[in-house]
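These are the structures, in structure tokens.
Two complexes are shown next, each including chain A; its partner changes from chain B in the first to chain C in the second.
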Partner chain A sequence: MPDVQALVNDFVLKLKRRKIEGSHASARHTAELLRSVISHQRMRQTNQAGALIDAVKAVGEQLIAANPVELAVGNIVRRVLHIIREEDLSSTATAIEGLGLSAGSDDDDEGQYEDRPALSAAALAAAARSTLRAPSLQTLLGDIPGSAVTPQPPSSWGDSEGKSKSDKNLRSRKLKHDVIEAINELIQDIDTCHEQVSEQAVEHIHQNEVILTLGRSRTVKEFLCAAKEKNRSFRVFVAEGAPRYQGHVLAKELVGKGIQTTVITDSAVFAMISRVNMVIVGAHAIMANGGVVAPVGINMVALAAQRHAVPFVVVAGSHKLCPLYPHNSEVLLNDLKSPSDLVDFGEFSDCMDFGSHGGSPLLHVVNPAFDYVPPKLVSLFITDTGGHNPSYMYRLIADYYSADDLVVKQRSTS
Partner chain B sequence: MAQKKGLRSSSSDDPEELARVPLQAVLLADSFATKFRPITLERPKVLLPLVNAPMIDYTLAWLESVGVEEAFVLCCAHSQQVKDYLNKSQWMKQQGTFAVQPIESRDSISAGDALRAIYNFGVIRGDFVLVSGDTVSNMSLKEALQEHKERRKKDPLAVMTMVIKQSKPSSLTHQTRLGNDEILMAIDPDTKELLYYEDKTDQSQRFITLDKMLLANTPTLHLHNDKQDCYIDICSPEVLSLFTDNFDYQHLRRHFVKGLLVDDLMGYKIFTHEIHSSYAARIDNFRSYDTISKDIIQRWAYPMVPDVQYFGSCSQMKLDRLGIYKAPEVNQSRTAQIRAFSLVGNGTTIGDHSEISNSVIGQGCTIGRNVSIQGSYIWDNVIIEDDCKLSHALVCDGVHLRAGVVLEPGVILSFKVEVGQKIVIPAYSKVSLLPQPSKQDSDEELEYADANSGVVESPSITSIVNTRNVDPVPDSSDAEHSDTSEVGISGVGYIWLTSEGGHEEEWRHSIAPIPAEKLMEFFLSAHADLEVSNQDVNSLPASGELQVDSESTGFDDGEDYRDSADFEKEVEATFHRALAGVNQDNVILEINSLRLSYNMSHADCAGSLFYSIMRSALAFPHSCNRELLLNTGKELGRWKDLLKHYLKTIDEEIEVLLKFEEMCLETAKEFAPLFSAILNHLYEKDILSEDAILSWAEEKEGADESDKIFVKQSEQFLKWLREASEDEDE
Partner chain C sequence: MWLRSASFVLDKRLQQQEPSSFFHDPRDSAQPPPPSPSVDPMDQNPDPNPNHGISAYYQTRAEHHAVVSSDWLAQAQAAIGRGAAPPSGCWPSAAASSAVAARTGSVGGGGGKPFSVIDEFNYWRKKPDLAEAVAAIMALAAVIRSSEATTMMELEIELKKASDTLKSWDTTSISLSAGCDLFMRYVTRTSALEYEDFDAAKLRLIERGEKFGEISLKARRTIAMLGQDFIFDSCTILVHGFSRVVFEVLKLAASNRKLFRVLCTEGRPDRTGLRFSNELAALGVPVKLLIDSAVAYSMDEVDMVFVGADGVVESGGIINMMGTYQIALVAHSMNKPVYVAAESYKFARLYPLDQKDLAPALRPIDFGVPIPSGVEVETSARDYTPPQYLTLLFTDLGVLTPSVVSDELIQLYL
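== the complex of A and B ==
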């Protein structure tokens, strides 16, 4: 699969060069890339799920290493791995079921297999999630290759040679097909997450409220616009979000939609917070403990909100849900950008005069991209699945990810 | 011929430009200078690691990021190494929109030659970006390209756009940051056309010479000394043919740019594009290597910083607090300390109690115990044994420092040099395994000369070393036998003689911080600059300081006596420069600007100028009054035109007379007996009109007796004048 490799390399390079930035874009691209990786993966007869998982892991590792700051990439890789596991489980379940049936009546086994694909993969996945929780937990605890292999033998057990072959062919195509279907759904989810989040806007934004936000987040924008479309009238304070000043862009967009908007400096947030009914911000990533990695300055807003008991709401698509804890060593929480956003190089060039101050620069300009907001400062998360408490995040994460995949690293065996 | 070719190709380009021409770039993988010797004897400059990635990677990555589709890497010195590197690197493998193609031209010994070689290959089809392989930048070229294209459509003679960047406007910063000379540019603020470029401003000479046509042709012109040349140019294909037609063009700036600016026959124009927030700089010498490394560590070149892995080839870095970059597999002792703004590469081991600050350490190095490394650059696979001290040194691949070695600031150790125990390498020394080639006076030569040609035989080197007394430990006999014993027992390497400029120049381009006394010198000269400019025409600061009361007209001496005295002095200084041979037009210009800055009238100028002329006449040696008169006559004749320039009305002429009178009374009594004779002379030379003289006499009628000395003295002359005028009246 040379063409897939080229695609992967291209994407890795783009991530490395920061040509793809933002969690939405990178999540979408990652999902699309993994879909093509899976569709190009040649299926072996045995241990198909294991092979798929290995392939995705190999690619995923490269992607994650390419830009560790972009946590959405890792999230999507893990979600795809989870999808493979779930699909494998559900197909195994159907196979077992089918076997059970065929043991009862040998004649109409063909009909059974015709019926099965009619069920949507999602329904199967949901079924697996609800009914097969116990086996899935078992696999979570077990070793990956082992867990992937162990369900395999029972399917071929006690069957005639020819039948098992045709069965396997069918199953292999089916597994891949199902996985691709599920990934398509995932991509669709990523695309529509803004709408799903903003559908809930009316429940949270009330008449004549004052909302404060910082910087620009597409989700926040859609959320506010959705409330406006439902004829809610409210005011928005936009903190400009120095040094990138995305708040200015947001203010323009909001005014375009006819929302009463006030732009304030970041430093004025504390002065204004007492007049605010609710703070709504976007996020770069939501960690497993309910902490938020968000554009720089938001922690200050959260602290101000806590001081005045103003609800602090974070809106984010579920692709921003990260199964890692912020204390994990591989989670790089911040990205330090160029100081040129803050100060003009020309003006400060004499302060960076290494020749004259004994060789060590006296000036150090720090320009971090993100803040970490601890979970206790967050009142509510609004994701595409609804509103959640920070303490509920770990549970949500367990739905989306399997524990085996938290560390996406090839085993030393490979 | 040349012109035709250029024009034709440009006109044929125009329809092509409507169809899309891929953006091309020419990357010169050779600096055609010797500033990085002795390192560049073994490895081309573009492959030297800058914060653990070869310089050429920075340039190529930048070219790719700005949307260049074809890059031609012109390899001259060490062309095989450059080609090998490129073949191995990701740049050649990568499919897609960015193609790198090496072009070999071994016999090119200057940028001019290289561009002529490119021309002969005939690969350049449209506008191209011309950079050197040691450029670090993160600027976006879109705007500059757009500007360039639009200008080209309007004016096919706009062949080049130079990228410039603002930096602090003091000569100090230029020198201390990048080790360059101050660059002076004259730019038209409206069209951004470059009108004048000078990168070798002479420090001793504190003025520049501009062509007066320049001032005549452009309504406004800004003279900048606060711009940094980024050495990134967008060129039209004509540039190549220009190089081919002018065989004497060698250096890009010194010959080509200046050549085009001076040459008004062909009328080619160069424009500038200023960048603000983005970073661009070129590594020209060791000082800029140091500065740019630190800029990268401080993330000015983002995203080309170590932890972003922009080039893919280098290992993953992690950025800790205070600008400390660490590779994942660093073996660091618990007691070792890595201080701010340092980078440690993969697989490096650091022993107990060692300290590293402000330094870059490559991959696979072994650092022993109690080592102190400060502001140094240590490349890959270096072994540093216990108790070594390195400050502001550059240590290349495979160097072995035995226990207790001390490297003083500015030391350069080239590849695989070994230094024996407890040796102190003196400041600014360069040590290499290769012996130093014989002296070559030009700095435009190749980076690489054949190792066999022009090598000073080893005996002379030993003698050099002996005289420099490098080796405090008496050599053991077996060490004496080997040629390369200069760096101590069991050491390997030659110590190079300091280069052409001698010790004087070494500190300027070295990694080491500038010595305090040199800095003092800078400050002093900078202040001297200010003072000179006070007296000078460019009285920008002067006008601010000295203009006490701008309202006064300068006639009442009592109040602003000091002002007018200063003014007089300034005019005299200007006049002295005129004596030294400055063009008369310039003198007028200078005096005019002085007049404005001191808020003086024309009459004051005339008076002061006259005073100066008389002083100069007085300065000539004279034995008797007669000789003095002769001299005065001569001087007045010489400067008549100048003086006439300010004598537009009778008032000014009277002022001159009053001045003269005052002189005779006070400052230059020698003239007193000659008053009437000189007055006569002034009249004859048409400097003073009879009306002026007569009205002066009238004014004096009612004055004190003492004031009338000179009126009386010239009574005869006045009488004659009156008669003459009456005659005329009749």
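== the complex of A and C ==
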């Protein structure tokens, strides 16, 4: 346990100091860290899933608080929690079925008693399945509180005591094993997300097209290179993406792959957009309403694209999909970076002096890192699961996340 | 062009059905015309449409939330004096007492049934805090309790009959029919599933039906928690009509010490806005009253619009008090978000294509002066707001975008 805590503290420090940059790296590290936490967790006899969930929530709360703007960390924490719940449910369901069968085969003469365990087990499984799904109209009336369902299975099988004890030990080890397997798959998905997105490039990029992008997104780069490899001939306009000018780096990489590239300033986007067939950009995070948190300048590109009826396509891996809604996006989701990107030290040192003018200088230099693009400006999302409409995002979120995990808070009483 | 449209044909047909026109000026009194004396909401006969278009649903809402003006009272007095049976829709205490009498008296109705589901429904509906759908489900639960059926099929048939009676009694109330449908659906699913023992199943249905009131209150609290996240400090909120759910949201936000101000429309003809502003002022929230026409004038200082819903239709649009569509249009043109707070049992399987596609829900309007006989008055009490003008819906199923509504309905009904 102590070495896991050291790992957690180390990671939290890295997040706080922004040593880990980019959602891909953050997501991967978070997933690996949570995997270590789970494998080091000692398993109790009862309610193992609850214990795992508490442990992950405790660590997750620290990680999210360390860098709230890096939404990928929170996404992975919630994915892991959903995985634990799902694995627990599927193992309970199979155990119920197994026991139901055995109970049926044992006692033939006790006809009345035979029906009961099978019936209640089926009911429990149905109820359990419905509690895992998000609350829906179907479950509105048949509302069974979640706490009532989970302790029931061990208590109701009083008839086969010896079998159940060994079962429980098997189940506890199996649960941990299954969860770690699933987390390995998740890490695999995170690693291969670029390839899976790029596979769809050929369907969207056609011959002699002109594509516009802003800044440098690794997903976009691989997307374009994959289309080039399939011998599509197209041109790319790269807006440089001030103040970091990552667009220049992307332009060099594209030229290295043999793609005809044009570099423009961000201000020239509106002037050039009428000559463009499609805009393809990456995202920092995709919110639950289909809105996009993207590097600064992309909102402007989206507005220009809407004005000229150019399709605006966002490519992103599924680890960027966030189940939260962007209320108050300007304050909560933006990161103000150092003004040294814009102005050199010493240029404005007399205006920006906090010592004079009673502590409040007349000149401020603001360098926001992100922009929020509302869902109505986005035409298509391309994720590793395929192409989707912004209004479809809620489905993916329901698949990947549980409703209980939206607020990752450790329960005060465990 | 107006003469040939479908809506005109419909209006014409309606007018032909009713030989007596609604609005004749009473030359004897200086008061506006009273509701037709043939209107008798408390009719003991289960007459298919005893209200002749006057919506009992909106009448109840007016009673609960509107300002009872002196001439409305005088009107009601006059109607009582004129009509054969007390039109207890206008006079709550008389209605409550007669309803109680009808319940306790075993042979209550001229319809020949000792137990009248309509009486039961009216009894529950008079309580100002109870939603329509909850009252309907309570009434249906009471039907189950008083039923003498011995099999599930018989019980279902009885319930279907009772539900149809309720629906035909007030064709304008969407949450009433949605609540009935939901309960019927639940009954059909429960009977198909677990219970071998009829009495146990019956007890469970009754218990669920009566618990539904709690579910409805819990729903409001969930919606309040979700909605108040979107209220940030120093924001200005525009509200329309008195929705108990929206009031919960604002109450919770105020108790969480959020600083915001509310612009409240008057909400003619019921003037429910006056009542709403009273309640908000009691909470200490700064309120400003607007006449309905002043919405566009004030819209640029508004940050968000909050409305409730009488019903949520399959397209994701809402049916709400007259004026909501207007406000949504103005808000949309000025890029202000429109948030709807509605419980999930208000989701209905309707798909209106335009405003006249709904069953007419009429409410006589008190202009304060007599209207000459040749002048028509638009008396519809509600309108339909299409989904493209709504930003988000807060329901007890979570925060939803309008496109999710049809998904939920499909999951339940198909």
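Everything that follows uses one rule, which is that the second predicted complex is superposed on the first by the 349 of 414 C-alpha atoms of A that agree within 3 Å, B and C clash if a C-alpha of one lies under 4 Å from a C-alpha of the other, contacts with A are read in each partner's own complex, and residues count from 1 in each chain.
Following the convention adopted for this analysis, contacts are C-beta pairs under 8 Å (C-beta built on N, C-alpha and C of every residue); 3 or more make two chains touch, one makes a residue touch a chain.
These figures come from a predicted structure and were not determined experimentally.
Enquirer: Is A:Ala49 contacted by the first partner chain B, the second partner chain C, both or neither?
Expert: neither
Enquirer: Considering only touches as defined above, state whether A:Ala65 meets chain B (first), chain C (second), both or neither.
Expert: In the superposition, A:Ala65 touches chain B alone.
Enquirer: Touch test for A:Asn289: chain B only (first), chain C only (second), both, or neither?
Expert: Only chain C; A:Asn289 stays clear of chain B.
Enquirer: Touch check for A:His364: first (chain B), second (chain C), both, or neither?
Expert: Touch partner of A:His364: chain B, not chain C.
Enquirer: Where does A:Ala6 make contact in the superposed view: on chain B (first), on chain C (second), on both, or on neither?
Expert: first
Enquirer: Would you mind checking which one, chain B or chain C, touches more residues on chain A?
Expert: Greater contact footprint in residues on chain A: B.
Enquirer: Looking at A:Lys16, would you say it contacts chain B, chain C, both, or neither? Reply first, second, both or neither.
Expert: first
Enquirer: Once chain A of both complexes is superposed, is A:Asn328 in touch with chain B (first), chain C (second), both, or neither?
Expert: Second partner only.
Enquirer: So, A:Ser340: does it touch chain B (first), chain C (second), both, or neither?
Expert: It touches chain B, and chain C stays clear.
Enquirer: In the superposed arrangement, what residues of chain A touch both chain B and chain C?
Expert: none
Enquirer: Which positions of chain C touch chain A when the two form their complex?
Expert: So the residues of chain C in touch with chain A come to 182-183, 186, 189-190, 193-194, 196, 208, 212, 215, 229-230, 232, 344-345, 347, 392, 396-401, 403-404, 407-409, 411-412.
Enquirer: Contact residues on chain A for chain C in the complex?
Expert: 115, 119, 122-123, 126, 134-138, 140-143, 288-290, 325, 327-328, 331, 375, 391-392, 394-395, 403
Enquirer: Would you tell me which residues of chain B are touching chain A in their complex?
Expert: 61, 65, 94-96, 138, 165-168, 170, 172-173, 175-177, 179, 226, 276-279, 287, 290-291, 294-295, 298-303, 308-310, 312, 316, 318-319, 322-323, 340-341, 357-358, 374-375, 392, 512-514, 519
Enquirer: Which chain A residues qualify as touching chain B in the complex?
Expert: So the residues of chain A touching chain B come out as 6, 9-10, 12-13, 16-18, 65-66, 332, 336-341, 344-347, 349-350, 352-361, 364-365, 367.
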